[in-house]
Amino acid sequence: MSAPLLDVRGLAVGFAGEDGLVPAVQGASFALGAGACLGIVGESGSGKSVAALSVMGLLPPATARITGGSVLLDGRDLLALTPEARRQLRGGEIAMIFQEPMTSLNPAFTIGDQIAEAIRAHAPMSAAAARERAIALLRQVRIASPEKRYDEYPHRLSGGMRQRVMIAIALAGNPRLLIADEPTTALDVTVQAQIVALLRDIQRERGTAILLISHNLGLIAGLADEIAVMYAGRVLEHGPAARILAHPEHPYTIGLLGAVPRAAPGEAPLVGIEGSVPDPRHPPPGCVFQPRCPFAEARCAEAAPPLRALAPGHHAACHLAPLEPVA
Amino acid sequence: MRILALLLMLCCGTAAMAQGTLRIGIGDDPDALDPTLNRAASGRQPLTAVCDKLFDVTTELKLEHQLVTAHEIAADGLSVTLKLREGVRFHDGESFDAEAVAFNLNRHLTMQGSLRRTELAALAGTEVVDAHTIRLLLKSPQAYLLLINLAERAGMMVSPKAARDAGERFALHPVCAGAFRFVERVPQGRIVVQRYDGYWNRANIHLDRVEYLPISDSTVRLAGLRSGELQIAERLSPTDLPQLRGDARVTAVATPDLGFHSIRFNMSNGPRQRIFGGDIRIRQAVELAIDRRAMVQALFEDQYTAGNQFVGPESAYYDKAHPVPARNVARARALLREAGQPNLTFTLLVPSERERQEAAQMVQAMLAEAGITMKLETQDNTSLLASSQRGQFDAVFSFWSGRPHPDGNSYSHFACAGPLNDSRYCNPELDALLTRGREATDEAERVRVYQQANALLVRNVPHVVVWHRRTFTGLSKRLAGFIPHPDSTIRLVGLRLN
Amino acid sequence: MRFLLFLGQRLALTVPTLLILSVLVFALQHLLPGDPALALAGEDMDPDVVAEIRHRYGFDLPIWHQYWNWLLAALQGDLGMSLRNSMSVVQLLLGKLGITLQLAVASMVLALVIGIPLGVLAAARPGSFASLAASGFALSGISVPHFWLGIMLVLAFSVNLNWFPSSGYTPFAEDPGRWAMGLVLPAFVLGTGIAGVLMRHTRSAMLQALGSDYIRTARAKGLREQRVVLKHALRNALVPVVTLGAIEFGQLLSGAVLTEQIFSIPGFGKLLVDGVLYRDYAVVQGLVLVSALLFIAASLVADILYFVINPRLRS
Amino acid sequence: MSPPLLRVRGLRKEFAIGGLFSGGRGKVVAVDGVSFDLDAGETLGLVGESGCGKSTTGRLILRLVEPTAGSVQLRGEELTGLKPHAMIAHRRNMQLIFQDPYSSLNPSMTVREIIGEPLQVHGIDTTPGIDGRVAELLTLVGLGPQHMRRFPHEFSGGQRQRIGIARALALEPRLIICDEPVSALDVSVQAQILNLLRRLQAQTGVGLLFISHDLMAVRYIAQRVAVMYLGRLVETAPTTTLFAAPLHPYTRALLDAVPAPEHGAAPRPLLDGELPSPLAPPTGCHFHPRCPFATARCVAEAPAMTEVSPGHGVACHHAATLPAWPGLSPALTRPPEPRLARLLARFHA
Amino acid sequence: MATALTAGTAQAPAADGRLRRVLRRLQRQPTSLVAGAVILAFIIIALAAPWVAPQDPLASSFLAVRKPPSAAHWLGTDEVGRDVFSRLVWGARTSMLAGLIPVLVALSISLPLGLLSGYAGGWIDMVLMRVVDAMLAIPFLIIAIALAAFLGPDIWNAMLAIGIAALPIFVRLARAAAMSVRAEDYVEATRSLGSSPLRIAVRHILPNMLPPLLVQTSVMAASAIIAEASLSFLGLGQQPPAPSWGSMLNAAQRHMAAAPWMAIAPGCAIFLLVISLNVLGDGLRDALDPKGR
């Protein structure tokens, strides 16, 4: 693979908490090629959203501290840029959509205004031209009668429609990278599928690279070319999507796959991973997953396993990997 | 910042320079501006500017003519004939004559809510002799008292036509025959009067316009005077005076007041008379425990006068045989022991006004040294009036503004039937004296009677007079011709602004 | 249409409120000790005059009868006569309303001009010196006893520096400069407290707005921070602040009691204190009723503003 | 034949709407003629998208919300119209598990107080005493007696949900209504709770009404499923039947929308639009604006629920004539590969 | 406020888990710590007044009236020659009580009323809210003045009056708190258990209404202190010769220009105490905020 569009290396982020800095991301690395889709899967507290916000440069400045690593876009380290330069990247080369379409739009302005504003933020043009372009964007995200919708306030729109508007805003600057942070979690099942389909079309039609973040492995599987599995601030496994789904190497990934209810005959009981996500202020010794891991051995509590290559492009951070030799 | 300050000063400065306008800071917002209905002392200031009176009193408290040019008391003392000033016109152009006087006196006597009836108690009726002569008919031979009362609001003459037209609403726009016409009133804001060019004594009026501004806080009145917003600030507190000394732009003049501050004992008004109503030694002990001079010195910069009678020591009616007694704590204790009350405890009712609050606390401290426990109970003025009338007090710290005629300082307060006699002190001997005083036309006779009355009261101690105020009027140095008057009403005649 | 219905409902609710209020005030002031007739009878307190006054103002009637009489007259727009200076209460109030309104508006303008920018500043730069200073100012404004501040200001700026008139009120028509100067100190005294309240509310509304998802969206668009704060956040933060401002204004109208007392401004507050002290029943009753009406009107305006500013309700 | 544990007939709830700001008055029919039975030891899954009325149905059964019409019978006894004090006796037989593990536990009470409250309210003397019973319940849901003195905020979401379940079990109810019990939890924890519910049901024979928008979770736990759309039931069937051969177009759409955990799974044809506003529900069949098979009849006439096979009812005019359904995505039905199956087995050890 | 906090711990052990968290968060805010320290200092001064005050606050000296600050009188003497500093120290008692008592009065009446109104709703709520609206439309100080005048000038009456005048705000807050707690799932949970309304109200709603009211309590204590000062300033509060900061200001007003120290000291004391209470109130609000910035 040639030099990736986005290359995150050893990213470490902490939040100033009541007892000092609480780590949220610890040495996470992942990469994403131009036009490709990387899925980051993880449960709450895994640090996936924080990683995305670091890429975007939207971490809350008052509390968040990036304590290490680099975020390279086309080989340029974003963390070294001035705030002004980062601002210009935002909404231009990198855009982002969020989990809560109900609250992510400003209730005080029409949706058209909000899209046009995004357009003009990166390409100075007349109001009329921006309006034209905004309407075109609304059409692109499959909103019916966009001329009429342009002047509506967000509260008149359903959740799915608002998420489409959000996508239109994100596309306003013709981004090369679109970060989608749990874009469908708050939506109904039927609408969720519509949004996933829209994202897929955008990736294909515009060649936009997508960083898709979700706790839902099923959702990621449908879109992503590559998958990174995060847990307690660390990337535990990453590799090509097909490989990860078919041949997971990290016990946590295996557990996650088993926790998704399937219509498998025989009704094997669902896998529930015992215990719960560790408190980031008091992480367990050694491997972070070790207390919940049915495979854990004594050494797992002694040292944190590094991310190791197990197959071309497939890495896992487990002392025991490969768990079972390929048959 | 400095430029801003300069601008501000310019603004203030120019504003205060309005030509020929005299601004007077008065202590209270007057009530109804109708001589018949006016109640509060503060109303006298603007009313004096607007309404001329039949008589006036001199600074020596002698009767003086104003709208009357001559008067004659009949030999039997039961009628008085007044010769009226000719050519006087009210502000509405109506002429002032005997009919108008008859109308006014009748109005005072009969109008609903009139507050002048007590002052005109002796008046039986009037008889118009000719256009400018009127005879007053009296019920009893109290002519001098009546005439001196006519030097006050009872003697103010309003235009009969305006009064008839306006009815009850006359107070909103009084029309009289004074040196100034009423212009407007912003309640609690200001009262504005304008020079009346048809005034009979026009030659002595040098001001174009006078504004009365009610400012209840004397410190603020003083501040207004010093900043040039006011040219006269009435009733300054003696504690304000030291500030004036260093200020070249202002000065203060003082006159003794006619009234007195006293602690009245409940002698026989309801159940609470039992502490002071009986043994005189207890009342004497209280009096002896108080050091009036120390109090006047500490609280009032030695500007008030320690007193013990219903007139001040400089008055002719003061009985010099009974001077202000010195403090004697040992004697007070002894008296209490004799009376069987070595641990006397009582409550003093005090209004919320600061001067008396401070004094009460000092009295409290002084009495404590004689073994007397005095508790303080504060009430606002309205409540205090009701409480004292109903006898809900052991002792009350009272104040009387004073009248030119000593009857005003004594009869209502100490006669058995006196309406202000909340102590319910009753002494037939005193009643007889006070009635004689009312009827005395001769000054020497009056002096004798009232000195006797004072002596009697000092011996019986129904109250302890503590001090007599002095009125301090703050004046701008721009003002010339100001003569302080013992009745503390500002006379505008002869005043000049430079 | 929806708006009119809403307005109608709101107005209908005020009727029982006003009735309860008038009963409360009537009861409250008749509970006060002291006899107004005595206070009205002058220094001499002639018993006949006292009785006459009692009868004339109906104080000899049972209290419910007095209330009924008052209510009947009030419904016809007659709030009675002031016992103290024989003026009709309605006239008296009309005369004062303008003055108090001027003071209230001046204070409000001052409060808005100080409070909102400071609130925005404090929220936009949390933890900075400017933010701390703004918060300190707001807290001080809220915490300082107004009457004390008033006295101190008079002492400093009028008595010692002689920059401002110490008291009183000059009508605008008579001397605009003096009018303005006279309002500066009282408006400052009243305004700082409200500025503090507004600043705190602006700050918290701004903080809330700045923490919201749509601000993250605005930042994700790559907008300049200034635009994010002043357009996206402020617009939404103003909704609660405007509402609050209108209500504060309603309270201002009648809440300036001590300030007017100290600066001898002949407005509602001074009238009220004198009315209570002299037991001028009709004035107190009318005054409280009118200030309650004003308060209710202000909260109504607040609701209307809320309706207008908030697109969610408008459509 | 003995009556079913729970029999619901024609349940209807109208909410009056219109507060200060809406001006006009109107009503929303949140639940519109819902009928179903639930047997002891059985789990009925009630699925539908947000706002379809499924949660309201649960609360109507418990009479936490008063129904406008219809009947609810618990073991043959009519509950609607009972006076509050008469209702109390029935309450111990019916319990509720909430979606939000945070707001459903009183933050100012200890775990012991929370779980012991039902016992106190119903004045139940247990042999081991309240503490003993609470300890027992805690153990039953996979926590321990050492947790009794703690406060809810000291627990994770999954643990809190266990506390909620323990509270629901305290009175040994016949029926538990689970209102989206796992949707607020992490995936790995969801499975723990689902397994716990299954185990508890097997142990106690309690009937479960399992309300959820997650079809696969419902499939995992329920024997029968009822699908709801805009206040009405559109299809009820045994779980296997429903997942093998759904008859209502909406049921099919829901099943098609389930994301398959497989790379590059072929996208299914999608349903257009979103759930209409309950303020202005479409005429006839509520689903017709989004239905690819809708005809004029669907616009005019609401279809009745008809039984097409034993226990399988569907409310669609065209149920008989719809084309065959391709079935669930293979990725969802395929058993895990042997290696994965072996590895997964380790998690059950 | 600190006293209210400790009292809270003693009365509601059930809430101590959250309370401890709140206290821990409070400890991390330097401004709250300073404010707490100031309040604590005032409390200590008030309690230890007999030992702190160098002189008898009531002993007047006719020879030393209105004397400026000196070695003998650190803050000068007042209008009847008493030591201002000693009066300030003793006045702290009144002012601390003036902050506490009205809050207790308002809380003890408004909690049940707000609970009734917010939980029961219906016509009770309707009637109560109309009365509250009516009271809210009358300025706080006016109600306090009228009540204090009716009850008679006395410091306890003034505190009672202030407490009653603060009622409408408190009832509203309590009602809002009750309504928001009522909407919580755990209330529905206990309802589904068959708990009686009384049990729901007392066991579930009441304890959880307290945290939002706690914030208001400190703000209210601050306004109560100012209100007491205002009433005393108008002569309706503390009666002479006993000192309170408000009555000291009242006495000082007449001597503003000549003896400003008489006004500056009590004014600053009020300001310091009130601002500390407000700062602590802000701190509490932040500490109670579940988002906990």
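A few comments on the model shown:
In this document, chain identifiers A, B, C, D and E correspond to the written order of the chains, with residue numbering beginning at 1 in each.
Heads up, the rule we're going with is that a residue touches a chain if its C-beta (ideal position, glycine included) is under 8 Å from a C-beta of that chain, and two chains touch if they have at least 3 such contacts.
The structure displayed is predicted, hence computed values, not measured ones.
Contact with both chain A and chain B is made by C, E.
Each step here moves to a touching chain, and the least such steps from chain B to chain E number 1.
Among the remaining chains, those touching chain A as well as chain E are C, D.
Distance between Cα centroids is largest for the pairing of chain D with B. One simple way to say how far apart two chains are is to compare their mean CA positions; for chain A and chain D this gives 31 Å. Between the CA-based centres of chain C and chain E the separation comes to 23 Å, rounded to the whole angstrom. Per-chain CA centroids place chain B at a distance of 89 Å from chain D. Separating the centre of chain A from that of chain C, both taken as means of CA atoms, is a distance of 53 Å. Taken residue by residue, chain E touches two or more other chains at 149, 152, 234, 253, 256-257, whereas all remaining positions touch fewer. Taken residue by residue, chain C touches two or more other chains at 32-33, 154, 159, whereas all remaining positions touch fewer. The part of chain E that touches chain C in the complex is made up of residues 130-131, 133-143, 145-147, 149-150, 152, 222, 226, 229-230, 233-234, 249, 253, 256-257, 260, 263-264, 267, 270-271, 274-275, 277-279, 282, 291, 293. Those residues of chain D that touch chain E in the complex are listed here as 59, 62, 64, 87-88, 91-92, 94-96, 98, 100, 103-110, 113, 117-118, 121-122, 150-151, 153-154, 164, 167, 171. Contact residues of chain E toward chain D in the complex are 12, 14-15, 17-18, 21, 184-186, 188-196, 199, 203-204, 207-208. Interface of chain B with chain E (complex): residues 217-219, 222-223, 237, 239-240, 242-243, 291, 294-295, 297-299, 352, 354-355, 357-358, 360-362, 364-365, 376-380, 383. By the touch criterion stated above, chain A contacts chain E in their complex at residues 18.
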